[in-house]
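Shared chain: chain A. Partners: chain B in the first complex, chain C in the second.
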Partner chain A sequence: MKFDAKSYRITEDGRVGQVALIIGIIGLVLTATGYFVDKAQFYHSYLTAFFFWLSIALGGLFFTMLHHLVGAKWSVVLRRLAENIMICIPLLAIFLIPVLFGIGELFHWSHPEVVAQDHLLQLKAPYLNVAFFIIRAVFYFVIWVLLARYLLRLSLAQDGGHTESISKRMRVASAPSMILFALTITFASFDWLMSLDAHWYSTIFGVYVFSGSLLAMLAFLMRIVLYLDGVGTLRGIITREHWHDLGKLIFAFIVFWGYMAFSQYFLIWYGNIPEETVWFLHRWEHDWQYISLLIVFGHFVIPFFVLFPYSTKRSRPVMLVMTIWILAMHWVDLYWIILPNLHREAVKFSWIDFAPMLGIGGIFIRFFWSRVRVTPLVPVGDPGLEESKRLVSH
Partner chain B sequence: MNNAIVKKTQAVLAEFDSPTALLKTAETLRDAGYKKFDCHSPFAIHGMDRAMGLKRSPLGWMVGLAAVVGTSSALALQWWTSTIDYPLVISGKPFFSFQAYVPVTFALGVLLSAATALIGMLALNGLPRFHHPVFYSDRFSRASDDGFFVSVESDDKMFNVEQTRTLLQQCGGKNIEILEGE
Partner chain C sequence: MSTTEYIIGSGEPPLVTGNHTFASVTEHICGIPEGKQPTWWYLAFGGALSLLMVLAGSIGYLIWEGTGIWGLNNPVGWGWAIINFVWWVGIGHAGTLISAILFLLRQRWRTSINRFAEAMTLFAVMCALIFPAIHVGRIWVVYWMFPLPNQMSMWPNFRSPLLWDVFAVSTYFTASLLFWFTGLIPDLATFRDRARTKIKRLIFGFLALGWRGGNRQWRHYELAYLLLAGISTPLVLSVHSVVSTDFAISIIPGWHTTIFPPYFVAGAIFSGFAMVVTLSIIARKLYHLEDFITLNHLEKMNKIMLLTGMMVGYAYSMEFFIAWYSGNIYEQFAFINRATGPYAWAYWIMISCNVLVPQLFWFKNLRRSIPVMFIASILINVGMWFERFVIVVSSLANDFLPSSWDYYSPTIWDILTFIGSFGLFFTLFLLFIRFLPIIAMAEVKGVMPQAKVEHTEVAHE
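Let's turn to the complex of A and B:
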């Protein structure tokens, strides 16, 4: 790969885009095959993969807004990568469509005959009905797409030449957008994940999903950074000091996720109300307990101790393994949330679970990479760029 | 000797123009083998730890140990009180309900870690300390305003008033003071 350090552009890339596109197309063909093999399995697997990639893109949006909001300096060199992740949101809006077609297979509250015999669902019907569900889904995406496009447009305008007003507009937009983001991701996770088990509710669920999402995005970002470093791009621009800070942020979000996961479990365990405990009960019988334990150890305990020391966060091989591990665990976490809705009686992995991961993932990375190719890899107009390059992490 | 009080050389203090000069002087002193010297600046200077030859602080390990002690003693306390010493059925749950122990375990772990971090930091820095030879200097108060100072203490193995003074001069030190105290 050739990199021009003056314009911060990749002038000649390897085959990332092509390989991703081929994997994506193969994955999508397999996914489509899966639809004809087993419809219910297809929709559940598809929702898992869709939310997995969406959560990474949303993490990019959050990272960018947070960067503007707090006036961060260390992460200036990472900002463009995060922006290119967030601009994948419009792509994922297209991938939402199959989920909307799958409402009948996914959500039992969408069947009038079920609701007719279920008092609780009747009470929830003003919120949980197909029309309002679709309106909300479109609404969330409109907000996310508008925010992502607005922030990226300002950022690209800044590349042409910095003015104080651009920085200010990004900062001013980020503050209220943060509130909008918190609300939309909360309700999106209520709609698409929590309402799979429509009787069950957990008010912390949105934060739980958000914490896992941002963790996955940080791991994805770190993986991209390591890749770019490995092929000799951005040397001396994104340095080991940035890896270290990113590693610390990943560590922090491992702890935050663990805190949220336990808080959700703990209150439900303590309260011991059947309506609430049933959700965890489904995940503690018929072999689902092994997946639960895998999440406890794989999503929290192991990464916590691995990323605890100073040296591991600065180590290339360790971070290569850990970023992939964390992304895998994020998928397991979503699988654990979604799939008991279908396979309550046993854990049944299917090839259809993996096809949409490759399909959406391949297209996602292809799209992300095409954005990386056409923009400078760092926000060249940002006045904090030089300072960010000289970061020293302790 | 006329004076009853014997004055002893305690430190050499030199003033520098810029943070860069301070950084270079620290490197020179480090390479010359000095250990007991300090740099004073109105703000933190990146890379100073390395320039002064400071090793990574052992504080992290101390805090880690405190966390292990805190969490394990909290777990042990709760296990012992609720299963052996005074078993009590609470909302129909088993005597050993680790879920219920987590908040206290977490809190005690954090408490001991935070206290160790604070006390350990103070101890490793030799604080609280009520006096230091640099306070004999009148110019030194500028270290909190616009002055950059290096002080070399006399109990350093390499210390020699004349040699140290010359070295600091060569580095561009100005207003070099030999600080004497009782």
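Let's turn to the complex of A and C:
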């Protein structure tokens, strides 16, 4: 790979794009095969993979807005990568379509005959009905796409000049956008994840999903940073100091996720009301307890202790392993939310679980990489760029 | 642009204005306790002391007569005492957030406000701790709250969040005190060095722990400060999370909801910053600290209030939505009753003060207007008190059994005890102003342009 340090552009890349595209196509073909093999399995696996990649893209949007909002200096060199992650949201809008076709397989509240038998679902029908569900899904994506495109457009315009005024516009736009983001990701997680078990409810659920999503995005970003460093680009631009700060942020969100997960579990366990505990009961019976324990240890305990010391956050091999580990755990977390609705009686891993991960993921990375190829790797017009490059982390 | 106004390269407005030198900072801050206190200080101290007497009297009568003097009834077994406890603990959170979390986030503007925000934390936690202690009824056995071995083999119930409170709040107080004291050491040494009487020199010398300001001492000091910041950071979240479990682990509609821990933490930071703004506006005016606590500092705090105010608003709306979504008629009743029932007045005070008032801070000129933020910060703390009132009282007064519903009204003793707690708070705060440096001198000097002496590359055209 060749990198022009003056323009911060990759002039000649390796085979990332091709490899990702090939994996993506193979994955999508397998996914499509999965549809004909086992429809119900297909939709649940697909939803898991869709939400996994969507959560990373949404994390990119949040990271970008947060960066503008707080006027962060250290993360200027990371901003363009985050923006290129967030601009994958329009791509994921296309991948939403199969989910909408799968409403009948995924959500039992969508069947009138089921609702007719179920008093609670009748009460929820003004919210949980197919038409409104689709309208909301479209609405969320319209908001996300508009925000992502607007922020990226300003950012690219800044590459050409007017740096101060554009920084200000991005900051001004980010504040109200945060409100829209908070509400849309909350209700999207209610719609696409919580309503899979339509009787169950939890006020913290939106924040829980958000915390895991941002953690996954940070791990993904860190993985990209390590890759770019490994192939010799961005040396002296994104340094070990940035790894360290990013590592600290990952550590903070591991704790934040743990705090959300514990709050949700603990209050429901202690309250011990059957209509709430049933959700965790389904995740504690028939071997699901092993997945639950894997999440407790894998999503919190292990990364917490591994990333606690100063040295590990600055260590390339450790962070290579941990970023992949955290992303894997994020997938397990989503699997644990979604799949017990299908396989209540046993944990049944299927090859169909992995096909859409490769399919959507391959296309996602291909799309992301094509953005990386056409834009400078850092926001060259940002007034804070030089300061960010000189970051010293303690 | 001169270097004293702008730190080269950062483009950030200066954190300390007025062309101060290190010496003039020391003179100004040390001058406050060393000089003669202004008349208003004596008047304020007299007022605070009188209120403290009111507190002592109310508690004395409570111990003599019992909790029957309060407005508690059946079913409202928790009244103002718990509301006041949660309110005061919440106020404390801003101090810890400023001193610990903002330190870890390298927010250098914290240095002007951290000292008295931390002092505020300690005094607020003291005020808070009074209420559960006197609520036990038989205060002479209050030590039973601690797991002390005894011949009757009686132990506190470890499954009760009230016991977790004992541990959470006392840990919080201890850590905050250590953190505050550690931060004070260099400044105490300055006081010692400037002391004119032998007594003062001895006392400050004792408290300064032999500080000489050497390189090694600073290195150890910085490390200790960082470690204490790391230890205090989880406390910012854990204390009010534990307080929230007092409510949330029960199955009372309106209390039992999973968002309570982060929601309470956001509310605590919200009210705490409001209190810091209220106090710092008064302090900067009376002691001419405008160069240290600038409008930029106040504006940043107002932004945090806007953020946390909306987090609280998010939690209110989630509770409401999920109450509807749950299909649970008891949950739905609890929330509709809050908004339209006998305590609707309190609910709408809460919404107006906590959700609407901070919206003023969207506008830069309002965010930088001292009168606006002064009134807003007080209204926010009124709103946060009513938030706890709404939670505690409305859910209890209209519980599962309509035949036992009862309207809760406080008695004069509830009111006097609460007002009296301000006496304790302000007495301690005024004594703190009188005897200790209210701005962290050593830290403020570290963020002044003069402290940045390393070589900076300037581009030559």
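Structure notes:
Here is the rule we use: the second predicted complex is superposed on the first by the 392 of 394 C-alpha atoms of A that agree within 3 Å, B and C clash if a C-alpha of one lies under 4 Å from a C-alpha of the other, contacts with A are read in each partner's own complex, and residues count from 1 in each chain.
Rule of thumb we're sticking to: a contact is a pair of C-beta atoms (placed from the backbone, for glycine too) under 8 Å apart; a residue touches a chain by one contact, two chains touch by 3 or more.
Note that the structure is predicted; figures quoted are calculated from it, not measured.
After superposition onto chain A, the modelled positions of chain B and chain C overlap sterically. When both complexes are overlaid on chain A, the residue A:Gln18 reaches neither chain B nor chain C.
By the touch criterion defined above, A:Tyr310 lies against chain B but remains apart from chain C after alignment on the C-alpha atoms of chain A. Measured by the number of chain A residues touched, the leading partner among chain B and chain C is C.
Residue contacts after overlaying the shared chain place A:Val392 against chain B, while chain C stays out of touching range.
In the overlay built on the shared chain, the residue A:Tyr270 is in contact with chain B and with chain C. Once the two complexes are overlaid on the shared chain, A:Ser202 sits against chain C while remaining clear of chain B.
Residue contacts after overlaying the shared chain place A:Leu123 against chain C, while chain B stays out of touching range.
Of the two partner chains, chain C is the only one that A:Ile179 touches; chain B does not reach it.
Shared interface residues of chain A, touching chain B in one complex and chain C in the other, are 266, 270, 272, 394. By the touch criterion stated above, chain B contacts chain A in their complex at residues 46-47, 49, 56, 60, 64, 91-92, 99-100, 102-103. Looking at the complex, you find that chain A touches chain C at residues 73, 119-120, 123-124, 127, 175, 179, 182-183, 186, 190, 199, 201-207, 255, 259-260, 263-264, 266-268, 270-273, 275, 383, 386-387, 394. If you check the complex, the residues on chain A that touch chain B are 262, 265-266, 269-270, 272, 308, 310, 390, 392, 394. Here chain C touches chain A in the complex through residues 9-11, 226, 234, 237, 241, 245, 248-251, 256-262, 310, 314-315, 318-319, 322, 325-328, 362, going by the rule given at the top.
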